[in-house]
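Just passing along the structure, written as C-alpha cells.
A, B, C and D label the chains in the order they appear, each numbered from 1.
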Amino acid sequence: MSEYRTSIGSADETSIRLLGHDLADDMMGKVGFGELAFWLVAGRRPEPGELRLFEAVLVALADHGFTPTVIAARLTLTGAPESLQGALAAGLLGGGSRFLGVTEDCGRFLADALAARQGESDDELALEAVRAVHSAGERVPGLGHPLHKNGDPRTPVIFRIAEEEGVLGPHLRLFDAVGRVHPEVLGKTLPLNGAGVCGAALADLGFPVGILRGFALLARAAGLLGHLAEELRNPAGPAIYDQVRARE
Amino acid sequence: MSEYRTSIGSADETSIRLLGHDLADDMMGKVGFGELAFWLVAGRRPEPGELRLFEAVLVALADHGFTPTVIAARLTLTGAPESLQGALAAGLLGGGSRFLGVTEDCGRFLADALAARQGESDDELALEAVRAVHSAGERVPGLGHPLHKNGDPRTPVIFRIAEEEGVLGPHLRLFDAVGRVHPEVLGKTLPLNGAGVCGAALADLGFPVGILRGFALLARAAGLLGHLAEELRNPAGPAIYDQVRARE
Amino acid sequence: MSEYRTSIGSADETSIRLLGHDLADDMMGKVGFGELAFWLVAGRRPEPGELRLFEAVLVALADHGFTPTVIAARLTLTGAPESLQGALAAGLLGGGSRFLGVTEDCGRFLADALAARQGESDDELALEAVRAVHSAGERVPGLGHPLHKNGDPRTPVIFRIAEEEGVLGPHLRLFDAVGRVHPEVLGKTLPLNGAGVCGAALADLGFPVGILRGFALLARAAGLLGHLAEELRNPAGPAIYDQVRARE
Amino acid sequence: MSEYRTSIGSADETSIRLLGHDLADDMMGKVGFGELAFWLVAGRRPEPGELRLFEAVLVALADHGFTPTVIAARLTLTGAPESLQGALAAGLLGGGSRFLGVTEDCGRFLADALAARQGESDDELALEAVRAVHSAGERVPGLGHPLHKNGDPRTPVIFRIAEEEGVLGPHLRLFDAVGRVHPEVLGKTLPLNGAGVCGAALADLGFPVGILRGFALLARAAGLLGHLAEELRNPAGPAIYDQVRARE
C-alpha cells in the first residue's frame, strides 16, 4: 500500500490518467488550461460561470508592468541564459507576503470573519472585523493601493462578473461591506484593491485560503513568461543593470 | 526615452493596460487564461483553432505523477510551509534539459532541419537530420519514452487536433516523417514521445524555439499547484522523507 | 548621490574594494572564508575567539544526511544537470521555518525575553518565557529533537567552545536556564537541540535575529555542495525517484 | 542495502557523523568553515597551503558590488520578506553561464587542453588551445574583463599565493601561458580575469571541472548574505524598483 497516493495523475505503459480521467481521450482538446488549473486544485471540474470568474481572476493578476519580480526574472536570465526555469523561478520567489500575499491575506481575513459570524449583517460583521484588525495596529487586507488611489479598475469588474454568473458569494459580499464601513473606523476612504477582490472571489469559488497565493503565482508565471520572451527578443536586463550600477 | 520599454503591461492611476488593451474593460471575463498565455508570449491573439491546439499541449504537459520535480516541490513545502512560492519554484527548477528540455530540443531539431531545407521531401529531410544527429553520437530529440515503449498516447491526439483545426504545419509534418524513417538509421523503432510532439506543435504555432521550454514550465506550474494543494490537505513529504532515510 | 550606497563592495578599473579594504592586497590570502562571512554580515571583523565559535556553528549546521533539502537538490540536478545553481537553490528553498527556522526562532525567543528583562535571574526569566510560550499553545524553540531524544551531541560542544573563548553571553546563559527549568512547566524533560544552541550562540555574537536563518542557509549551502559533488560522481537521484514511484 | 549511501553525513540517536568523523568531538571547533567546504567536495582534508589558496579563491569570488544577482536577491526580499531563503536562492539563480560560469568554463578549457597534451611546452599547448577556440569563433575563457581592462587585480595575487604555498600546478601554468601567447592569435592583449584564474586554481587543487561553478556559488552565497543583511538594515530594493519604473 502506498504511503502517498496522489489523486492528481499517474501513468502506465499504455495510458496517462489525470484527475481520474484518460488524459489523451478525455482531456486533451476538451479541457482548457484555466479549467485544468481549477480542476487540479479543487479536485472538481468548474461550472462555466465559476470558470469565467476564475479566469478573470487569473487574467487580473497576470502582470503589472516592471514589478520587482519581473526585474529579478529578467536580471536572472541575463546572468544564466541557459536556464529559463531559473529565471522564472527567481521571478516567482518575489511573489511573497508583500505583493502576491495580499490575495491570500484578504481571503483569510474574510474567511475568518465569516467563520466567527453569529447572525450579524454583512456591514456589522465587516465593522467588527475592520475594528479588530485596526485596533491590533495592522492594515486591513485588500484596502488601498499605491497607484490606484481612487479605485482599482479590476475591482468592479470582478464583482460584475460574479454577479452575472450567479457566483457572488459571502466573501465578496463581506468584502463589499468592508468597502462601505471602513471609513467609519479608519477615518479615511481607501479603494478595494484588485489583489484583495481576487482573494475574495477565489474564496467564494471554494478554494482553501492556504492555496490562494498559488493562483496569484500561476497567473504571474504567465506574465513572467511574456516578459522573458520579450527579454529574449529585446533584452532590458543589461540596461537595468547599467542604470543601477550608475547610481551606486 | 526609456532604455527598456515593455509591450506587456503598464499601469497608471486610473487604468491598467495589458498587451495594448484595457485590462479591466477588454480582457477580464473576455479572455481565457490559456489564451492570455499565448498572447503574452506571441504578442498576438490566437485564432480559435490555434488556441485549441495550444491548450491541448499545456494539458498534455501539466502532470505526469510523482516526478522528481513534484517530489522536490512537496519536500520543499515540508521544510518551508510558509513559502508556497519557494515550493513551486523548487519544483520548476527541475524542469531542465533532462525532462522538460525535450520539448525545446525537439522544436529546435525540427526548426534547424527546416531552415536548411533545399527542396527535399519530408522523409528525405528527416532521414538527413536523423543521420546527422545519430552519427554525432547523440539521441534524436522526441524519440523514445522510458514508460510508453509502444507509443505515447498523447502523440496521436496532438496530430489529430492539429489536423482538425487546420494548423498542422511543417514541424509536425517533419516530426511525423522522423517517426517513419528513423528505424532505417537506428535499426529499431522508437515511439514519438509527447514532449517531442508538443515541441513540434508549439513551433508550428509560430513560437521561437528559445521559449518552448517556458510553456512546459507553465503547464507544469499548474500541475505542481495541484500537487501542493494536495500536499496541504494530505502531506506525502514526511512519508517520502522517512522512506528515503530508511534506505540510507 | 546614490539612493542605494552599499558598504559591501565596489570596483573600479584598477581595484576592487570589499568592506572598505583592498580585496587583492588586504583580504585575499589573509582572511579566511568563514571570517569573511562573519565580516560581511556583521560589518566588523571577528575576534579570534568569536570566529572559532562562529565557525563551530557553521560546521554544526552544514549537514545532517539525507534531509528533504538534500533530496530536493539531488532530484533537481537529475532533471536539470545543466544548472548546478538551480539544484543548489532548490535545496536552499527547503531551508524554511520547519527546519532551519529553529535557529532563528530560538534566537528571537531568547532575545525577546532578554529585552523584557527586569532584574530577574536567568532561571526566573526562562521560567516566565517558557510559561508564556507554553500557555499560548506553542512549542518552545530549541527544545526537543526527533532523533536525538536524550541529548543533541552538538549542544554541549557549543557551550564549551563559547566558555573556552570567553564569548558565552546572555543568550546562551538563558538557553541553558531553559534547559534547567522547562520540565517544571512541560512536565517532561526535552533536550536542548543543536539548531537552537546555534541560534543562541549567533545572537551572543551580536547578529540581529532577522539574519540568523541566513547562516544556517550558508552552512547548508556547503553541505549541499558536498552532496551535489557526490551526486555528480555517483547519482542517487534516479534511484530515489524509482523508489518513490514504486510506492505510488 | 541502500541504493544511495552517502559519504557526507549521517546521524543516529547519540551521534552525528560527518565525512567519517564524529561531528561534535572531532570537527566542531577544530575545522574551519572554508576547510569543511573543501573537505565536503573533495572528500579529503586540505593541506594548509591548499586551504590558503582555496580560501583566497572564495574571498576573491564573494562579491563584486551591485551585480544583477545582488539586485535580484534584494528585490526578491522586497517582495517576500518572510523568506530569506527565497531571496538567497533568487540571487544564486543568476549565477549561471554568463557570470559565474567563467570559472567553470576556464577550468574546463585548461583541463581539456592538458588532457590532450603530447609533449608540447606550456606556450605551444596554450597557442594550440587558443587557436582552436578562436577559429571556432568562440571567446577564450578567462580572457578579458568589462571593467578591469588593463588587468584584474585578483589574478597576480592568486598566482603569488599558489607559488608561496607550493601548489602552483599545470592549470595555472597553462593559464599563465595563455596570457603570454593569446595576442599572437587575437591580435590584441586581454587581461587574465579573476574568475578565470580562480577556475585554474581550483582545477590545480584537484576538483573536477563539473563542480567548479559550485564554489563560485558558495562564495557568492556569503556575499549575498552580506547584501541581504544590509538590505534588512537599510533597504535599497524599493529605491531600485522606483528608479526602474521611472524609466519605463
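The rule we apply is simple: a residue touches a chain if its C-beta (ideal position, glycine included) is under 8 Å from a C-beta of that chain, and two chains touch if they have at least 3 such contacts.
Computed from a prediction, not measured in an experiment: that's the story for all the values here.
Asks: Out of A-B and A-C, which chain pair has the most contact pairs?
Replies: A-B
Asks: Averaging each chain's C-alpha atoms to get its centre, pick out the one most distant from chain D.
Replies: A
Asks: What is the distance, in whole Å, between the centres of chain A and chain C, each centre taken as the mean of its C-alpha atoms?
Replies: Chain centroid spacing, chain A to chain C, equals 33 Å.
Asks: When the centre of a chain is set as the mean of its C-alpha atoms, what distance in Å lies between chain B and chain C?
Replies: 39
Asks: If you average the CA atoms of chain A and of chain B, how many Å lie between those two points?
Replies: 23
Asks: Considering chain A alone, which of its residues make contact with at least two other chains?
Replies: If we look for residues of chain A contacting two or more partner chains, we find 3-4, 6, 10, 65-66, 80, 82-83, 85-86, 89-90, 93-96, 100, 240, 243-244, 247-248.
Asks: What part of chain D is in contact with chain A in the complex they form?
Replies: Residues 65-69, 71-72, 75-76, 78-83, 86-87, 89-90, 93-100, 237, 240-241, 243-245, 247-248.
Asks: So in the complex, which bits of chain B are touching chain A?
Replies: So the residues of chain B touching chain A come out as 3-4, 6-16, 18, 22-25, 27-29, 31-34, 36-37, 40-41, 52, 55-56, 58-60, 62-66, 83-86, 88-90, 92-96, 100, 147-151, 153-154, 156-158, 160-161, 208, 210-211, 213-215, 217-219, 221-223, 225-230, 232-233, 236, 239-240, 243.
Asks: List the residues on chain D that touch chain B in their complex, please.
Replies: So the residues of chain D touching chain B come out as 2-6, 10, 80, 82-83, 85-86, 89, 93, 244, 247-248.
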